[in-house]
Amino acid sequence: MALSERYTDEHAVAGLDTKFPEIETWKNSFAGYEILIDDPEFTSVCPKTGLPDFGKIEIRYMPKEHCLELKSLKEYLFCYRNLGIFQENICNQILNDVVKATDPVWAEVKGDFRPRGGISTVVWARYPRPVNQTEVPPRAV
Amino acid sequence: MALSERYTDEHAVAGLDTKFPEIETWKNSFAGYEILIDDPEFTSVCPKTGLPDFGKIEIRYMPKEHCLELKSLKEYLFCYRNLGIFQENICNQILNDVVKATDPVWAEVKGDFRPRGGISTVVWARYPRPVNQTEVPPRAV
Amino acid sequence: MALSERYTDEHAVAGLDTKFPEIETWKNSFAGYEILIDDPEFTSVCPKTGLPDFGKIEIRYMPKEHCLELKSLKEYLFCYRNLGIFQENICNQILNDVVKATDPVWAEVKGDFRPRGGISTVVWARYPRPVNQTEVPPRAV
Amino acid sequence: MALSERYTDEHAVAGLDTKFPEIETWKNSFAGYEILIDDPEFTSVCPKTGLPDFGKIEIRYMPKEHCLELKSLKEYLFCYRNLGIFQENICNQILNDVVKATDPVWAEVKGDFRPRGGISTVVWARYPRPVNQTEVPPRAV
Amino acid sequence: MALSERYTDEHAVAGLDTKFPEIETWKNSFAGYEILIDDPEFTSVCPKTGLPDFGKIEIRYMPKEHCLELKSLKEYLFCYRNLGIFQENICNQILNDVVKATDPVWAEVKGDFRPRGGISTVVWARYPRPVNQTEVPPRAV
Amino acid sequence: MALSERYTDEHAVAGLDTKFPEIETWKNSFAGYEILIDDPEFTSVCPKTGLPDFGKIEIRYMPKEHCLELKSLKEYLFCYRNLGIFQENICNQILNDVVKATDPVWAEVKGDFRPRGGISTVVWARYPRPVNQTEVPPRAV
Amino acid sequence: MALSERYTDEHAVAGLDTKFPEIETWKNSFAGYEILIDDPEFTSVCPKTGLPDFGKIEIRYMPKEHCLELKSLKEYLFCYRNLGIFQENICNQILNDVVKATDPVWAEVKGDFRPRGGISTVVWARYPRPVNQTEVPPRAV
Amino acid sequence: MALSERYTDEHAVAGLDTKFPEIETWKNSFAGYEILIDDPEFTSVCPKTGLPDFGKIEIRYMPKEHCLELKSLKEYLFCYRNLGIFQENICNQILNDVVKATDPVWAEVKGDFRPRGGISTVVWARYPRPVNQTEVPPRAV
Amino acid sequence: MALSERYTDEHAVAGLDTKFPEIETWKNSFAGYEILIDDPEFTSVCPKTGLPDFGKIEIRYMPKEHCLELKSLKEYLFCYRNLGIFQENICNQILNDVVKATDPVWAEVKGDFRPRGGISTVVWARYPRPVNQTEVPPRAV
Amino acid sequence: MALSERYTDEHAVAGLDTKFPEIETWKNSFAGYEILIDDPEFTSVCPKTGLPDFGKIEIRYMPKEHCLELKSLKEYLFCYRNLGIFQENICNQILNDVVKATDPVWAEVKGDFRPRGGISTVVWARYPRPVNQTEVPPRAV
C-alpha cells in the first residue's frame, strides 16, 4: 500500500487567509437561553486533492445582545463551497467568525464530516477556548 | 447566490406584544417531581415571509403548587397558529407564560423547528435564567 | 376552537383515596445495587372523560433489605386498570407505595404516557424528594 | 386476576450456594484503561417455575494486573444455563466472581433480561459497593 | 462443553514488540479544540487462532501543536492487518503511538470489536492514564 | 419444566357469543381508495388466566358507500377491554363486524400482540376470505 | 365511556365545495419517469371539533406533458390550513386536483395523519381509480 | 489460518432421530386467516462443538381446523435446549412437526441464528415444499 | 402568503444543453448481474434561485459488455456542482448518459433530494422507458 | 478536480485467474428450503490502489443434495483477504464457486461494500443467470 503524498505546511493553513463576509445579526430580547443551528448541507474543497468534502455543521451558542441572522449565516457558509480548506480549520474559522459577529456568552461549532478513505472526522471547537484540561472529558455529542 | 433581504428590528420583536391568554392550572398534591409535556404539532408564522413554521415544543418543569392544565395549554399554544413571531422568541415567550401561570421550582421550554432553507434550529430557554456561565455546557437533549 | 371543560379540584385528587394493596417483597442478599423494572402495558382511566389512558411505567431503585416481588407488583399495577386518576398522581402514588413496601436507599418512578389531543406527558417522581433545586437539571431519560 | 403464588425465602437464595468455577485471567501490560464485555446470549432458569430466562450480560471493569480470559469467562457463564437463580442474584454473583478473579480497580455487571408477564428487569451491580448514596443518581445505561 | 485452550503469556504480549511506523502530523493553528477520527474498517489477527478480528477504532484528542495526518494514520493502522495481537493491547498501543506523535493535551482510543464466540469486547484507553479512580464511572460511549 | 394447563374448547370460543355494538359509518363521496386505521392501545383479557393482553390493531379497507366512523369504532374496540377472548378470535371478530358495518370492497384486520411467556403473536384476517391458496404467500406487513 | 357525538352528513362533505386554486405546472422534457413529492407539514381543521389536524402528504405520479410546479403546489396545500375537511376527503380532493392540473399517466396521494384519541389514519387515493379489486392487495407503503 | 475440523455425516443428521413431543392444538372457528408466532428465545446445542446456539424462530401458517396451542408449542421448542442439532435441520424438523400437528393450508418456519465465527445463518422452510423453482425468488423477510 | 414567482420555460430546460463529459467504462466479464452505485454527496444549483440543492443519487443497472468506471462517474457527477438544473431533469439526464456509456440491459437512476420550503422530492427514471402503464405501480424504494 | 488514472484491462480481470480452494459441503436431508449466510467481515484488496476494501457478503440459496459447510466457506472467503480483485468480480466469482460446490436449485450472492471516494457499491449475482429481462425489476434487498 503506497500512501505517499502528505499534507504540506501550505495545506495546513490553506483558506485561513480568506476574507470571509461578516455574519449579520438581529437584536436579542431575552437573556440566558441557548440556540442550536444545524446545517447538514455544508460542503467545501480539500486543499490538497481538489475534491469536494461534505459535512454537517452545528453552531450552538448562548446569545448576549445579538442573534445570528439565518440568511446571512447561510450566505457565509456558502463561501466555503469552492474554498480549499482543512476540516479542522473550517470549524475553528467558523467559531471565530460567529464569536466576532455576536459576542456570545459561549459558543461551540461542531463539524461532522463524511468518510474519506474509509475514515471520518468530527471536530468540536469551543469559545471560550478551554484551558487547563488535565483529564479526558466525556465524549461530546 | 443573492440572499438580500434580512430581518428588521420590527421582525425581531414581532408578536411579542401579543396579549396571550392565561394558562389555567390545577392544584398539585405532591412535592419535588418533574413533568415533561411534548407537543409535536406546534405551528406559527414567519413574521417576514408570512410562511408557516412547524416545530415540536417540549415543556419540562418541577411544579410547586400548580400544574399546567393540558386543555388550557393546548388552547394557549393554538394562539401561535396564525401569529407572526420568531422561533427564538416563541420559546422565551412560552417560558415566561408558563412561569407566570405555575410559579414552578424550575422550568425549561425547548423548541425543535423543521428546516428552512436546509437549516434547522433548536432553542432552549430556562427558568431561572442561568447567570455566570463561563464555559460551554454539555449539549442539552 | 372551543376547549371549554377543565379539570376540577375533584379531578385533581381523583383516585388518591383508593386503598391500594400492599406490594409484597422478598429478602435481599446483596448491598448497593440498582434495579430497573419496566412495564410497557400500564393502563388507567381519565377521571374526567372516562376514557382509557396508556403508558409505560419504569420503577428504578436501590434496595436495602427488601426487593419488589414481581407478581405482586403486577397485581398492584393492575389495580389502576379501571381507576380514574391523573397521570401525574399515578407516578407519585406508585412511588409512595414502592417506598412503603421496600424502604429503599432511593427510588424513582417514571411514567411515559401516550398522546392525548396530540400532546404526550412524561412524569418522574423521586425518593427522597429533591429539595433546594435552584437550577434546571439535565433532562432525565 | 389471580396471581397467587409468590417467591419464597428458598427462591430468594436459590443457586447462591453453587460452587462456580474460577474464571481464568491473563497478565495485563497497561495501566488505567477500561474493558466492556458483552454477552447477549445469557440464559438461566427461574427457580420457581423451572422456565428459562434470557438476557444480556455486560461486564465493565478497569483491570489492575489481570484481565478476564474470554474462553474461561464463557465457560463460567455457561454454568448458569441450567441453574435455578433469580436475575438480581445472577448479577451480584457474577460481580463477586469477577472481582475475585481479577482484583480490578472497579467493576460493574449489568443484566438486561427479557420480559416475563409483560414486565422486564435490568440490574446493575457495582464494585466497590456504593455507600452513602443520598439522592437518586442519573439513570445508568 | 470443552473449551480447553487458553491464552498463554506469549499471547498476552504478542505483537507488542512490533516496530510500528511513526504517525506523521501537520502543524496546528488553533488552541483548545477536540478531534474525533473514526475508522470502522480496522482488522487484525488473533495471536492464538490465527483468525482475523474486525472492529471500529475511534481516536479522540485535543491537539497542542500537532494534528494527526490522516493518510499517515491510515498507513499506521494498516500495519495491524496481518499482525497477531490482543484487542486490549491494540487500543493501548495505538494510544501510546498517538501520544508520541502529537503530544496532545489528552487523548482516548476506543476499540469496538465484533463478536467472537457470541461475545464482543469494547476497550477505552486514555491519556493521561487515570489514577485514583475509587468509584465506578458512568459508562463511556 | 411443567406447563400442564391447556386451552379447553370453552377457551377456544370464549367471547365469540358477545353481542358487540354496531359500528356507525358516514357516507363516502369517492371511489376506489384505501384507508388504514391504527389503534396501538388495544387491550383485552385472556379467557384462561384472566390476565390482560395488549396489542396493536390495524384495520385496512377499501370503502364502497360507507366509511368507519372513528369515535364509534373506538367505542366498539373499547368493548374488548374487559372481555375474555383469544387473540386469533379478536381479529376475526373485528373483521366480521367491520364488514357488516361498511360492506367494503375488501378489508383486512391485523393484530400484533405483545409477548406472553416470551412468545408474541401476529394475526391477519382478510375479507373476502382467501380460497385455494396452494403456496406460502410472501410475508404480510 | 360516553363517546356520543358522531359525524353528520354535513361533516361528511364539509370543505368539498371549496373553490381550490389551480396548481400550476411546467413543461416536461422526458417520458415515463416517476416523481414523489413529500410534504410533512400539512395541516387542516376537523370540521366537527374545530381542532387542527396534522399529517404528511405524499404525491406520487408519472407525468405526461406537465410537472407540478412546487411553489404553486405549496400554495395549494396551504389552502387547507384553516379549512374544515375530513382526512379521507383531503386525499381524494388533492388527487382530483393534481390529476386536473397535470393529466398524468397515473397518480397517488397518500395522507398519513397524526393520532387523534389514540387512533391514527392513513389514506391512499389512486388515479386511475382501481376497479374490479376482488382480493385484499398487499399493504401499500 | 487452520480451520481443520468439518461436519461429519453424523453431525449432518444429529438430533433428527429424536422423539419430539406432539404439539397440542385447539379448534379453529374461522377460515382463511394467517398467524405468525415469534419466539426470540430459542436455543439449542451445536452437535459438533457442544456449544449453545441462539436464534429467533418464527412460525407462520394458515390454519384449517386446528391452531397451535402456545403453551404446548413452548414446551415443544424447549426440547431443543439441550439437543445437538444443526440449524438447517431445526427449521425443517419444526416445520414437519407443525404440519403434522395442525394440517395447515400452508406453513413456514424461519430461523434467524446469531453469528458463529462472525457468520450468521437464516433458514426458511416451507410447506408445501416448493417445486419447479427455476429462478431466484425475491428475498423473504 | 405570497409565493409569487414561478418556474419559467427557460428554467424548465436549464442545464439540458450542457455538454457533459462521457463516462468511461471497463470491460465486463460476467453475464446477468446487477450493480447499485450510491452517491450521497450529490449537489447542484437551482436554476431559478441560484441556491445549492443537495441529494443522494443511486444508479442501478444490469451491465451487458461494459461497467461504469467509478472515478470517471464521480468526475461526471461533479460537473453538476455549479450547474443550474431542475431535480427532475438531473435524473433523466444522468440516466441518458449512463445508457449511452454502457448500453445496459436495463438501468434506473433515483434522486432523493433534501427538502426545500419544507417539501422534498424523489425522482426515479428508468431505461427502457416504461410504456402502457395503466395502473399505479407499487411504490419504488 | 483531477481524477486521471483509470481501471485498465488488467485491473478488470485481476484476481480472476486465482485458484480458489473448493468449498466443502455436507449432505442435505430436506427438500425445497432456503438458506441465507451473512458474512459482515469480508475484506479484499483493490487491484489498482493496493488499498483494502471492506464489505458484507450474503449468500442465499436453495440446496439440492448439498449444503455449504460453514468452516470451509469461511476459509474460502478468507482467501480474498490479500487478493487484488474488483468488487463486481468478487460476487460473480463467489457465485460460480458456490454453484460448483453445491449444485443448488438457485443461488444469489450479494456484496454490499463500504464507500470509497464517498461512493458505495452493492452487487447482486444470481444463478441461474437471468435472461430476457426487458424491464427494470423492483430493487432487490
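Which chain is which? They are A, B, C, D, E, F, G, H, I and J, in the order written, and residues in each are numbered from 1.
Please note the rule applied: contacts are C-beta pairs under 8 Å (C-beta built on N, C-alpha and C of every residue); 3 or more make two chains touch, one makes a residue touch a chain.
These numbers were taken from a predicted model, which means no experiment stands behind them.
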| item | value |
| --- | --- |
| Smallest count of steps, each to a touching chain, taking chain C to chain I | 2 |
| Set of chains adjacent to chain B and to chain G | C, I |
| E-H compared against C-F, more contacting pairs | E-H |
| Chain G-chain J separation of Cα centroids, rounded to whole Å | 45 |
| For chain D paired with chain F, centre-to-centre distance based on mean C-alpha positions, whole Å | 41 |
| Distance between chain centroids, defined by C-alpha means - chain A, chain F (Å) | 54 |
| CA centroid of chain I to CA centroid of chain J, Å | 28 |
| Residues of chain H whose C-beta touches two or more other chains | 1, 3, 40-41, 52, 54, 78, 114-118, 126, 130, 138, 140 |
| Chains that touch, pairwise | A-B, A-E, A-I, A-J, B-C, B-G, B-I, C-D, C-F, C-G, D-E, D-F, D-H, E-H, E-J, F-G, F-H, G-I, H-J, I-J |
| Contact set on chain E toward chain D in their complex | 1, 3, 5-7, 9, 11-13, 16, 88-89, 91-92, 115-126, 129-131, 133-140 |
| Touch list for chain E against partner chain A, complex | 24, 26-41, 60, 62, 67, 69-75, 78, 105-108, 126-128, 130, 138, 140-141 |
| Complex contact set, residues of chain F against chain D | 1-3, 49-52, 54, 114-118 |
| Residues of chain F defined as touching chain C within the complex | 40-41, 43, 52, 54, 78, 81-82, 114 |
